[in-house]
Each structure stands twice: as C-alpha cells, then as structure tokens.
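One chain, subunit A, links the two complexes that follow: it is found with subunit B in the first and with subunit C in the second.
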Partner chain A sequence: MRRTKGIDGQMRIIEAILASFVILFATTFINTFAVTPSSLTYETGELEKVGHNVLHDLDEQRLLARFVYNEEWGNLTAALMVCLPPDVYFSLTVYDLDGSVVNNMPIYYGDPEVFTTSSSVASVTYIIPGYQATYDPRILILQLVRG
Partner chain B sequence: MAGEIYDYIAGLIAVGMIFVSAVMVIPNMSYVNVLCVDQQQLRNTALETLKAMLLEPGYPADWGMRDPFDQDEVRRFGLAYPDSPSFHVLDPNKVQRLVEENPMGYIEYGKVRELLGLEGYGFSLSILPPFNVTWTKNSEDDENLNFTIKTLQNDGKPIRPKANVDTTIVYTTKKGNTAMLYLDFVNGISTNPLGECTITKTLSVPPGEELQDVIVVFRVSVADVAAVMATYQKCQSEEFAEIAEINIVGENVTLTIPPEAQPRDARWVDGMIVVSGSKVMFLHNGTRSNDDKLTWGQGYKVWERRFKGLESYNPVLIIGGIWAVAEGEGRAELLAMGPYPNLLGSRVLKYGDAPGARSATSIVKLQRAVVISGMTYIAEITLWKEFQ
Partner chain C sequence: MRIVKQGGGQFIIIAALLVAIIMVSVSTIMYSAVTYYRHERWEEYLAIIDNVELGSRRVVEMSLANYTLNNCIDDTILRDNLDRWINDAKKAYAGFGVIVSYDGNELSDDDDWYKNESFSAANATITIDITSVGLRGYKFTAPAFLGMKILGISWDEEEKVLTIPLAIDKEGSTPVTDLEKGNFSILVDDELKDFTLIHYYSETYDSFIHEIQCSIEDQPSLVSVTARDTRGIKVIANSTVTPPAETMHVGDISMWYEKQGQQYTVYTKIPILDGNGQAVSDATVYLNITLPNGSVQSFSKKTGPDGTVTFDLKSKLVGLYTSTVTDVVKEGWIYDSTSNVETSESLTVS
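The block that comes next holds the complex of A and B.
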C-alpha cells in the first residue's frame, strides 16, 4: 500500500496558495472593469454647462446677436475670454442654416491644436434665431477644453 | 501525523500572510477609484448647491426685500431673480444680504448651510467682476486728476485687443452755507496692449467756490461686458463710511450713520446720484429740512426714501452729497457712496467659511457667469467636506 498521507498537508498548502492567487487575480481583473466616475466625463459635462451659461449670459445681455450679425468677431472673442474661466481654451465657429461657416476670422483662445489632440473636448451648440426682428438663424458651435 | 500538522500550520501561516498582504494591497489598488468616487460626490454636491443658489429664487421669493430683515423668515435659499424668465439672473437685494457689513441685515453662513442641507460640508462664495481692474492715483492735487488704470484678465494677462474706460467724476463745492454737486466726464479712453491707460482731468471749480469732496467712478468695459468701480480723489473724512452708509433695498435708498462715526452732529442729504452699468443720473435734490435730516437723535437715525422705478434703472452705486461736519474743518459738503462692496466692482467678496478650505483634503471649485443689475459677474463657489 502506498503512503499518501504524508503529502496531504503539502498539497493543501499548495491548494490554498493557488486559491489565494486566483482570488487576488480575480479581484485585480474585476477592478479593471469597475465603473468609476471618470474625471474626463465630469470635465466635459461641466465645461458644457459653463459654455452654455456664458453664451446664454451674453445673449441675455443682448450682446451675442449683435456680435454675430454685425460680425464683431474681435469683440466676441474678448467677451468669451473675460467670461470663461482663465484655464479654459475655446474655439467658436458660427454657421448659417446652409452649414456654411460665417465667421471669416477664427474665434479662439489657446493653442488651436489642443482641440484635435485633447481627449476631453466639450462641445456646445447654441442657436440665435435672428437679430432686430429679422429671422436669419445662426448656429454657434463652441468647443471648450481645459488648458 | 505530526508532519501533517506541521504542514497544516505552515499552510495556515502562508495563507494568513497572503491574506494580510491582500488586505494591504487591494485597498491601495482601489484607492484611486475611491478617491474618484469621493471627488465625484463632492462635485455633484457642488453642482446641486450652485444650481440651488443661482437658479432658485428661494422662499419667500422676495426674501431679500424684507425690511426689517429677519433671516428666520427665509424658508428656502436661492439668489435668482423671481420674475426673470431667464437663467442666472440674480436678485441684487438677495445678493446684498450675503454682505456681512450690510447694516440692513444679512443672512448668516450657518443659516444658509442649514437651508441648503450642507451639514458636514463647508463652502465659500464670491461674486466678482469678470476681469481685474486696478487704479493708481498719480496726482495729489485734488483739482487735477491723474489716474493710471490697469485692466487684466483674471489670470493676470492683459486684455486684447483693448478695454474701454469711461470715467465719471462727482465732486462737491461750497460757498458759505451753499453746496453744489457737479458731474464731469472723461469718456472713450482705451487701454494699450499692456492693458493700461491714463485718465487726466482738471476740475472746473467756479470762482468763489471751494472744492470739497471728489469721487471718481470708472466704468471699464471689454466688448461691452462692463465693470463699475469707484474711488475717492479727495475725501474730507478719514474713513468714507463715517459720514453715512448707503444701501438699496428694492426701490428704497437707505442712509444710516455707522456706530463708530465721529463727530455725530446732524447731517443733511443735499443731493443724490445713481450710477448704473451704463448711465449716471441725478436722483434726489435735498431741501435741508427735517425730511433730509440724519442724526443720532430720535426719529432721524435712518434716512429712507422710495424712488419709484429705481429698480428698473439697475442701480449699481448711489453717491450722496451730505452736508456734515468734517472733523476739525467745520461743515462741508461731503460725499458718501454705497452699497459696499459694489464700489469695489464686486458684489460679494467672500461669503462663507473661506479659511475652512485650507484644512480640507479635497475641494471643488465651480464658477458661472451671472447677471446682476444688468451687468455680468462671475460667481464662484468652493465646496469641501468638513472633518467629522
């Protein structure tokens, strides 16, 4: 008869260690799938709110329509610069209903490359129906990114 | 048998060691996630707080207009203008209740925290102009004004292409017992690429009249987004607030004598000017009768007058010409302005427990552009979790 009782304890140790490693690997593996609040999501969500708030505020002051329809692009850039937080870069494009770009000079602050390289660019669409009782909508696309 | 027991003991120790190391390692692995969750919770709370503050009018909806003001009457907190069809338009009467120095009464930080359900959290709120304006007085000659204005973005960079500065000078003269209140203007001065400009003006004082007080109001605008602030060129009294404190509640303008004011002789409100974001207008012409009297005596401690339509004018500053005793100089036509801190260009310098943020492990800062009295300001909230 073969004696196996002597190695029973050693097998249990190996089993226990293997089991521990399995649990450890499983925990680590599951951890990678854990859904946690992403700061990028927060960033874009918050930036969208900030962007919409600033455009709405300028519209409320009756400045936005004036800047857009009188093509005061320099003033629009300056107004966005003072109203947005200093660490936020922006790029604004104004379209007409045909989808043609209306602003003949770029409206931006910060490095323009950051809008193509950053993974967390917030985008806000704002529509102005017209100016001084004339219906001629303009679509404003404001892109924002933290600098 | 004994060998087997030793094996089991060794196994138990090994498993124990693995367990202890796992207990130490796994939380560290998920620490970043825990921190993320904590930060997100704080952000959500800050967003909800900001929403409640800036989009809700509170209850009663006119709680900022109550005179006398009792903070216990406020059932729900919010700063929004009750009749505004638009978002982020704040009621100046409510905002003014966040100023601790307001003699008309203010709402305490603890009360606001309780109303917002922020027990366990600390916060601070400031409502500041969208850009930074500083001025330097270059002339000590009261009749020859010379100021350098510097306008920068809030991150310290000069404003491009330029800011425009319109200056209104309010000054008083006297001839015997007769006082005069004058206005003068320097408009359309632009800043250079460094964000600086110089304002110069020689005041016109008619012969026989003696110059008394001078206040200079700067309206600085960047692409028509404006900030208004004021300073003294000449001030008869050491502290401008000694003459009278000026406040606005709805359409009522109220003047009070600060408790530390000296001397306490009777004073008369001779004239009053209102400054809005775009205009300056004469508001009141005094008669030196008991109707315009302000003293420590019974019945005259507070001067209050309702000006119909004042609210729609969007007042930012009120400047009063007051016939009062200047220390060591006899009666003079002195100028007082208010409300504080509007004269500095801000609405709320710091409300809440600002020093508390220094001891917090993580804080969240959020800001929004808001409209108060037709002008744009930046409302910034800082929120943190307090140690329990």
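The block that comes next holds the complex of A and C.
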C-alpha cells in the first residue's frame, strides 16, 4: 500500500511535467504568429506611418513644396531630422514625372549603407502637385530604417 | 482504488491537451480572422488618401493662383490641372488603382474684383477611389478663397496721408494675418505708390487689420489695392476717396420791418458761411419766428449765390419778434452750429 502510493506520486509528477510541455508547446506555436513590436512587419509599418506623417505635416504647413521647388535641400534635410525620431535614419529622393532624380545633392541622415544592408527598410511615396501658381508634380520617395 | 488514482493522473494530461487544443483552435480562428487586415496595408491606403486629398486641395489653390495672376483670362486652368492631377496621382501610386474624379469646377471672375469688397474663389468636388481594395466614393469639397475689404479709407488733408484699412480673409472666413509689404501694391489715381504697412486687431471692425499708409499731396479720388497671399492667389479691391465734409455756420443775422397800411412785414436776413468765412449757396435754412402773441411760425428756404437768404413774415401784431435758426442742410456739408456768429435775433415792432 505504501509502495503503490509512492509510484502514484511519481506518475503524477511525470504527468504534470508532460502537461506543462504540452501547454508550453501550444504557447510557442501561437507566438510564432504574433505581430509584436519587435517583429519586422510591425517595425516597417510603424516607420511608414511615421514617415508619411512627417511628410504630410510638412506639406500642410506649406514647407515641403517650398523646400522642394526652391531646391532648399539643406532645409529639407534639417526639417526631416527634426521631425523624425533621432534613431531613425532616412534617405529622400525627389523625382519628376519622368522618373528623373531632381535633388542634385543627397538628402539623408545616418549611414547610407544601412539602407542596402538592413532587412527592414520602410518606404513612403508622396506626391506634391506644384508650388504657387505652377502645376509641376514631384514624387518623393522616403526610405526609413532604425539606426 | 489504484484504478481510480491512475484515472486522476490521466485526467491531468487530458485536461492539458484540451487546454492546448482550445488555445491552438482559438488562436487559429483569430489568426485567420485578422490575417486579412494584417496583410492589407490599411495604413498605406489611408496615407494615400491623405496625400491625394491634400494634393487635390493644392491643385485647386494653385489653379486659382495661376488664374488670378493672369487676370482671370484662362478659365479652363482649373479643369486642365485637375485632369492632369487625375493622371499623375494614378501614376504616382501605380498598382493601387487610385482614381481621382471631380464633379464640378468653378472659378470666380474679374467681375468680383475692383469693388470695395472683392474676392477670388475656386471650388471643386473631388472623389477618390482605390480600386485595389474596393474603396469607393471618398468625396470632399476643395475650396480656395481670398477676400479683401477696404474699410473706411481716409485722406488727411493736413498730414497729406492716405490711410487704407483692409480686412483680408480666406476659406471659412479665417483672417489672413501673414501678409507683408511685398504682398501688396497700391495704385492711387492709376499711379503706383510706395507705402508703409502695419497690422493690428481692431475692436471697431472686430477684425485683424492690415493698414496701408502712403503720402499723397493732392486729394485722391480712386484707390486700387492688389493683394497676393502666400499661396499666390491675387485679389484687387477699389475704393473712391470721399473728400472730407466741409462745415458751414450762420453769420450775423439781421432783422427789420416795413409798415404797409395796417400790416407789418418783418424781414430776417441770414448769411451762411463756410469755414473760411466764404458764402455758401444752395444751403437750406430752417427758421422759426416767434410772434408777439407767443405763436411760432416755421420757414425754410435756400441761400442764393451770395450765400444769404431773406425770410419775410406779414403780421398785424406789434411787439417782439424772435427769429431762430433751427437747422442748415446741404449735401456733403456739415452744419457746425457751435461756430455760429448768431443763432437767433430779435426785433421790436411798434
């Protein structure tokens, strides 16, 4: 009777350990599908949102068109640096409708290599139709990556 | 007894398996439910709508700027620009199926200029569709407006300064407060003038005021103000300058009478003078004459070329007659009774 109780106790411990493994496995399985702040999907989406908001705010304040059409690239770089979080690197390219690059100097912050090596580069497309009385659209491609 | 205990141990594993199955099942259902939303780039679509909407508003503004800059000649500019914008927005977001369309497009014309209260305006109703996700009918109105009103223009003859207070507003009656001297030009009697500009809030007009002052030697007659806001939209307002009203007053009143049989004729001669003491013709003088019995008779008559008017009253009464000027009226003139040499005069008839 005493021996039987001891065997039963050991079995329950083994069963409990097995049960824990089952639940741990299930939890791990679920986690593989979760979109957490550290995942690439989440990171890129957030950066795109931030990038778009910055361009949109600058456009609403009528600064974006002024910088682009007056070719104030230094001011545009400074404005983006101020508006974006300090740990976010960016690279902006301005195109005309023919696809030619308009900015004659690079507009970026951070190590340029990071945009080719990083696996989570966010890209935002933004179009501005013109400036003052002249219709002459420019397409802005803003790339963002966490530094 | 042993069987029962072993059954309890198996139950733990079965329960754990059930819990695991439930967790996996619920997660799978939730995952499949949200996969569509997670993989669809909703944020990106919203960003595209924001971008295209703001861009469409800018197209309407720049079309109005172009139209007014060229003095309202090319009234197809808004339609042409919107047509180009439809193609360019589609090209910029290739693959998203961005379709921009517009219902109406309206532009004000130069009939709305050259008035005391002038404006430039454009308006279009725009719809955005993103066919790749079935989004249809995002509709909004894109207005552009710049209005300018000349408030109480005045010319100071002594200081030789013309003062033009202006109230300027844009869409939604929002006051425009960021205009500088370079945004204005002034024509006084068709001659371009230099000027100074100040800004202030006026409680009198309950508005933010841009006040223009310029030195003018002679009495101006027509002032034309052109304003161009920071968006490039232009508006022109005109105003005539009314010369300051001159003042007139009553000079030295004289009274006398003549007797004709049993009747007396009482005469009252009243001169009307301007600020320099010169005669004022065509001024209507209102006079009350109080008779000796206390009754009052009223008269009115215009001054002649010599600036005087003579009233006559026929009466059989003897005693004190009192003539009192109650008012003097002439268009564009102000009756300054405080400068009167006399307002009333008395005569005793015996």
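Here is the rule we use: the second predicted complex is superposed on the first by the 109 of 147 C-alpha atoms of A that agree within 3 Å, B and C clash if a C-alpha of one lies under 4 Å from a C-alpha of the other, contacts with A are read in each partner's own complex, and residues count from 1 in each chain.
Basically, a residue touches a chain if its C-beta (ideal position, glycine included) is under 8 Å from a C-beta of that chain, and two chains touch if they have at least 3 such contacts.
Predicted model only: the values in this text are computed from it and were never measured.
In the overlay built on the shared chain, the residue A:131 is in contact with subunit C alone; subunit B does not reach it. Look at A:111: by the touch rule set out above, it reaches neither subunit B nor subunit C.
Looking at the shared chain after the overlay, A:63 reaches subunit B, while subunit C stays out of its contact range.
Touch criterion met: A:76 reaches subunit B, while subunit C stays clear of it.
Of the two partner chains, neither subunit B nor subunit C is touched by A:96.
When the shared chain is aligned, subunit B comes close enough to touch A:28, but subunit C does not. In the superposition on chain A, A:12 makes contact with both subunit B and subunit C.
Shared contact residues on subunit A (touching subunit B in one structure, subunit C in the other): 8, 12, 16, 20, 23, 27, 49, 56, 60. Chain contact summary for the complex, subunit A toward subunit B: residues 5-6, 8-10, 12-13, 16-17, 20-21, 23-24, 27-28, 31, 34, 36-39, 42, 46, 49-50, 53-54, 56-58, 60-61, 63, 67, 72, 74-76, 78-79, 81-83, 85-87.
Residues of subunit A touching subunit C in their complex: 4, 8, 11-12, 15-16, 18-20, 22-23, 25-27, 29-30, 33, 35, 41, 45, 48-49, 52, 56, 59-60, 62, 65, 97, 124-135, 137, 139. Per the touch definition, subunit C reaches subunit A in the complex via residues 2, 5-6, 8-10, 12-13, 15-17, 19-20, 23-24, 27, 31, 38, 41, 43-44, 47, 50-52, 54-55, 58-59, 62-63, 65-66, 69, 81, 84-85, 88-89, 91-93, 230-232.
Those residues of subunit B that touch subunit A in the complex are listed here as 3-8, 10-11, 14-15, 18-19, 22, 25-26, 29-30, 33, 36-37, 39-40, 43, 47, 86-89, 130-131, 153-155, 157, 159-161, 222-225, 366-371, 374, 376, 378.
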